[in-house]
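Shared between the two complexes below is chain A, which pairs with chain B and chain C, respectively.
Right after this comes the complex of A and B.
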């Protein structure tokens, strides 16, 4: 049956020419038409954006403000403000275009118009802008600005007071800002808005969370200071003697799902900020169950629920346990298996699962039993970098299961190949997240470490250990160190061949260099002077790159990051562990690695470096006579330069782990039945080390005490010779 | 055939630590990567028999009183290759676990009968009879008491004719790294003794490796 044809739609350029028309009626019609076309339609917004519609509408608004107002002009102002707001609504490219068009100050100016319709349209548009991260930061510490904000919050108009709340949500970050808002009476106004319309209530809950986050003083003022102080509170809970906290709690039962979610978020922020509040098991369970329920919402509430859930349980083992008991692992895994989850929801679900599996083995086992690992590995190749990163973080936490690592469950191509591919990802955060998962997977206690080598993983890790980015360098070395744990000799050889002794030495400490090491016949000071002159003009990341690469040629100082030095030493510790032959690795290239360890220990900047370094020396000292003497050489250099030996410093350290590591090295050096043991005991005695060990036989740390006694027992074998 | 033990509520697990109840101190000889070797006496009335055993610690989480590793039995008569099992350990710290097992078919009487086989347990007997030892401070004691429960076979199938139904009562000496244990399984010969010593893999001294999960 024939149907009536609709009028042909206007083409986009036609809209632009109509906007430029001198006839105000045509302008107004064009604005209304654009608004109807783009409302809720992202594709249309984008196509109008590309044609330059936003600057055109901004010009219309600016021009109309300079005209004397009549009905048409008034409508043009309202409509152009509305169109700009529609462009900005949930669309960052639109927000950027509106900000670039310089309409933002015009919209602010419209808020002081005597006409309610104009004010409302401008406030609505500004709210849309303030819902984006791109919106300009509002300075609450300016007295004039605070006055303006309070005037917004006092407004009867839903959009105007909502704008005030949105400004707070967007801009309130620091402690002084939170306190300034609190002192200006904003809390009371926001509590009043909790009793307003749905939109005001939700905007208020979001703002309250922003003012509370990380500020216990403000939270206390809210909870304690609002007792009996607000009609809204009374209206909420129907009785006196309760506080605003109860009011927010009541809103978790609201009919509107977003209100429930925002109330949950507000309570979680309060709980996380002031651990004294909301510790009742009932409220904890209520929050867990509510957020699990909200996950079922197919819309934005369901998309946002996982991240709110994560904020409830992250780093809190008791909450993770409660969530596990509430069947959260099953619920999130069930969602993970649904097809076509939008990226935000998928990312949230993956991160929620990673938080659930962060500490509890029971959660990891439940996750693995639900056979969803395929869905997580699929997410490793997702278009969104955030999703790829979340999938890696989820795998990182699941692979903390030693029980499954021991079974070799994770070292398979299905998991390892996509993870290794992500080491080439264009996003650094994805690369770092992938390294986190790989660091755990390569611990693998079975003989399958070769799977990782065959996938090209080792080469990639070595490359990343030379990266300009220090986080990448750290995590790559961390993975290599874990891979080295209980690795067989073949695996060790493969890795050290790839990494090279000189690069490893440079990651540990300043490399000793002869004049021949410097280019163009320069002396060391001249070369270093020239390098430092050039370095001054570089950005920090480039400096690090230069330093690392100069180090790899054995020219400059150590990696500048202590945590990287620590991982490099941990790597060497594992390298020289295992069968006695492994100790030889440290003597490659004239002992460049051992020398670097010794130099690093002379100047170790933190206990962890000393601990790893002393275990390196201790492990080497568990070898043959040559190995033990090489360690002695590091401990007691021939030339006394007047500085205290690092061994003595470590034995006297406040850190019992460092004292333990240091005493173990002495245990190995004085190990009986070795031909050179007596001579070493004498040297250690002469250096005052034996006497220090005597002081440690009643060390408060049991481990230190027992090892010190072992040293003395071993030394007593030679007591005749020592007297 | 291995018999799967259904875990009942863990009576031995204490949720709240009382004052003075702290985890055992770190003992480097019981850290990840450490290896031990020795024998398990599996003699019965018919014949005397001992299997050579190697143990390696692979995971340790003192905060949760958790330890795990592998156990390799070398000259098992009915197996062609050494049999490797994965075990998980409960460290008796009065916080996470007490001397009372509360599962694996072990009654408090069974527990005390086994623990008293270790001379180093004697000072605690009275208190353990009262409350399982949950009020004891074991943090500075030079012995660490544990239960090791094998969880699965690593390199052979469950049809290998061996059982891992039981578990070990274990006493570790922090001084020299020696381990004594008694296997408990109501269906096996009682008091099979496990004796292990810290090994140094051909070195003249002790070597320590480490990993750190992210």
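Right after this comes the complex of A and C.
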């Protein structure tokens, strides 16, 4: 016999028909039922969303607004606002649906209702929406909007003032916005909210951080302007002559863990924005220890703590050192070994570890000694793209350890195979992160580079060096360049066969491919423009197809990105480093690579390109007679077209690194034991290069000075023959 | 005086210093205590804080009227909170969830652990009432997705579903889930979450004061013998054992 209480739950379409019922009582009941089904339940939210519940509820709300308010109608308004708010709570698909349903303006209108319950319900829902990135941006620079915002912040209701703070947290980004908020007196309101209820306090801390971020003027107004003023400051610190900064510091000791975390975050934003504040060792230690402690919270606070910790130590070696001394590496590694971490926390822990290992070898050694590398490689295959990318970034920084690279510690299949697989990842940011890790791993000083080649890594890198995405191209070339570093000839040959000389030349500099190579008589730039506009919508396989075709059209003439040109030149520099056999690579296909280097040097847009290019020429000039003459040909073109030679330009450069690279090439060209040295010295002299070098014997850069003297000593050997 | 006597006396003194603690008589002690001033308003606030946190709404109202002490929270909210707590204690979890959602829909939407524990309690009640099929369906529909989101939830869910595997649940390893204490645990978790959402401390202050008293007495025990409070319910000063 079926028990009477186990009646089948209402089927979903039933909810919709009840919502559409003309009877307000039935409507109300349906709204309450939906609300109680979806609150806290992501799966239910999704299934109701798919059924179209959001637009249905939105139209109930819209219709009720035009009714004369009685108790039931009033209740319907409250319930539908609550339902919409719950759909928007921590659920982006829900936020999108609510925004699409056009209920946003209705909810805003409800804020001016005379009824507190209605106002509260609307404010809560709007707050949920503003906690999502999808919420519309609020324009603070519009006077009317600012007035509205101030009215929210002034409200007695904690939901309404909290909404005001959430709007700031969500929308305040630019310097002018931060200043406008500050000038409108928002700081004072937010300081007042610091003394309010728990949710007001937390909302205020978040908004303050948003107003401070990157704006030292606002920070100093907050710190200096609040001296001897606010009652709230007095109340929360209990003594006179202190400022609002102390008030925020006090909140790091609050009972509520979220408040503690937000107060830490606010202080970190202040010290990162204004390096003058909060620099003493006491506060630094306090922040490090507090955040490590908060990591232990099993809930959301613990999930968020690692990223706040990262913002404290990232790019700051002194902080990384302090954190290391506070045992942070052990602590984070310990968390890493726990099973089934929440993806957000796992991502945060991996990034925190990567920040710890960014600069300090002591941290990397501690990390490696704790044997958690397996946990990181496991994370490389995690479902979440953010986690995969974080694991790569962590590996990139850990593998900066030269000591362990020398020992060949990282070139093993456990690590390399999953990394190479990630080169095929659907997410570009994961691909880029994987390239970053691979760039370091392949530096490997031992002879084990073959491990990487065998698992198809080189093929993948070459593919990516032809990608439509410039970041991918850059990082792929970077990895190839590092792969070339101290590689043996066999390895070099494999790579260059894969990459082909013509592609390499095209990455370095423009060739003379004419517009006739493009379909429908388009010129190269137009075609490229159209391709890149449409390529975003393409499937991955289509993109690869497109790239292959583009290569055959010869469209990848010169890479438009100077940083990619630099990497390509760096790659060639490593390629031709070593014995004469290595140098031969640059003469493949009638020397198109060398020609491309010459052309690029002629038009080099930044010093780094000149440096890499000159080292290429220097390395080639260390070869045999034929090699040296080829370099001479690049330095002193037969036809003088009236332009200044790049060699003279580089020797006169302000950048000592560029001068060094340029003089090195001359040193190799004038090496006296070679048969053709004499004629080269004469040519260089005639081109005015020797006299330029004479001017450099007292160069402020020691390296340049010594090399310039070497050149002169070498040419002196032939002085008898010179007039 | 011979050397022997000198040594003997010194030894005796050292021994006395090591064993004898300072003795404080009842009279001295009471005199010291009389010098400590406590404000009446502070006492009243502590009492009000206790009544409010523990949810004695009628008593709080009366106390407000008689002592003029303002509660630090709207007394009407206590009634709602107590209704939720009571619903869980009686096993009407669904009713409790609806009440919490009426009070503030954010509480369960932003507190996955509490939401899971309430759903778990619902499952326990279904099992208690022998509604096996319904319990299984509920576990699958409502709780399994939460377990997928969180490993520790999954473990708790497995433990709860294990109740169905035993003939005699009162003697099974997970039997304590059916105990009344499980309901009380869930009820106090909801109570605490509601209090936090109202920016109110989730524990009353009085117990912490008493804890501090015990701690302080233990510290003092090492240095002195004094009239001690051993029975907190009577707060009687008991003569020091000499």
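Keep in mind that, in the parts below, the second predicted complex is superposed on the first by the 669 of 723 C-alpha atoms of A that agree within 3 Å, B and C clash if a C-alpha of one lies under 4 Å from a C-alpha of the other, contacts with A are read in each partner's own complex, and residues count from 1 in each chain.
Just so it is clear, a contact is a pair of C-beta atoms (placed from the backbone, for glycine too) under 8 Å apart; a residue touches a chain by one contact, two chains touch by 3 or more.
All figures in this text were calculated on a predicted structure; none of them were measured in a lab.
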item	value
Combined model on chain A where chain B meets chain C, clash or fit	fit
Which of chain B and chain C A:339 touches, first, second, both or neither	second
Partner chain(s) touched by A:621 [first = chain B, second = chain C, both, neither]	first
Touching partner for A:86 - first (chain B), second (chain C), both, neither	second
Superposed model, angle subtended at chain A by chain C and chain B (C-alpha, nearest 10 degrees)	100
Residues of chain A touched, compared between chain B and chain C (which is higher)	B
Which of chain B and chain C A:674 touches, first, second, both or neither	first
First (chain B), second (chain C), both or neither touched by A:481	first
Partner chain(s) touched by A:579 [first = chain B, second = chain C, both, neither]	first
First (chain B), second (chain C), both or neither touched by A:199	second
Per-pair minimum CA distance [chain C against chain B, superposed on A] in Å	35
Chain A positions touched by chain B in one structure and by chain C in the second	none
Contacting residues of chain A [partner chain B, same complex]	396, 399-400, 402-403, 405-407, 436-437, 439-440, 443, 445-446, 475, 478, 481-482, 484-486, 570, 573-574, 576-580, 615, 618-619, 621-624, 628, 657, 660, 664, 667-669, 671, 673-674, 701-703, 706-707, 709-710
Of all residues in chain C, those that touch chain A in their complex	97-98, 101, 104-106, 108-113, 115, 131, 133-134, 142, 145, 149-152, 196-199, 201
Chain B residues within the chain A interface of the complex	25-28, 32-33, 56, 58-59, 68, 70, 86, 88, 140, 142, 151-152, 154, 174-175, 200-214
Partner chain C, residues of chain A touching it in the complex	3, 5-6, 32, 35-36, 39-43, 82, 85-86, 89-90, 124, 128, 158, 197-199, 255-256, 298-299, 339-340, 342
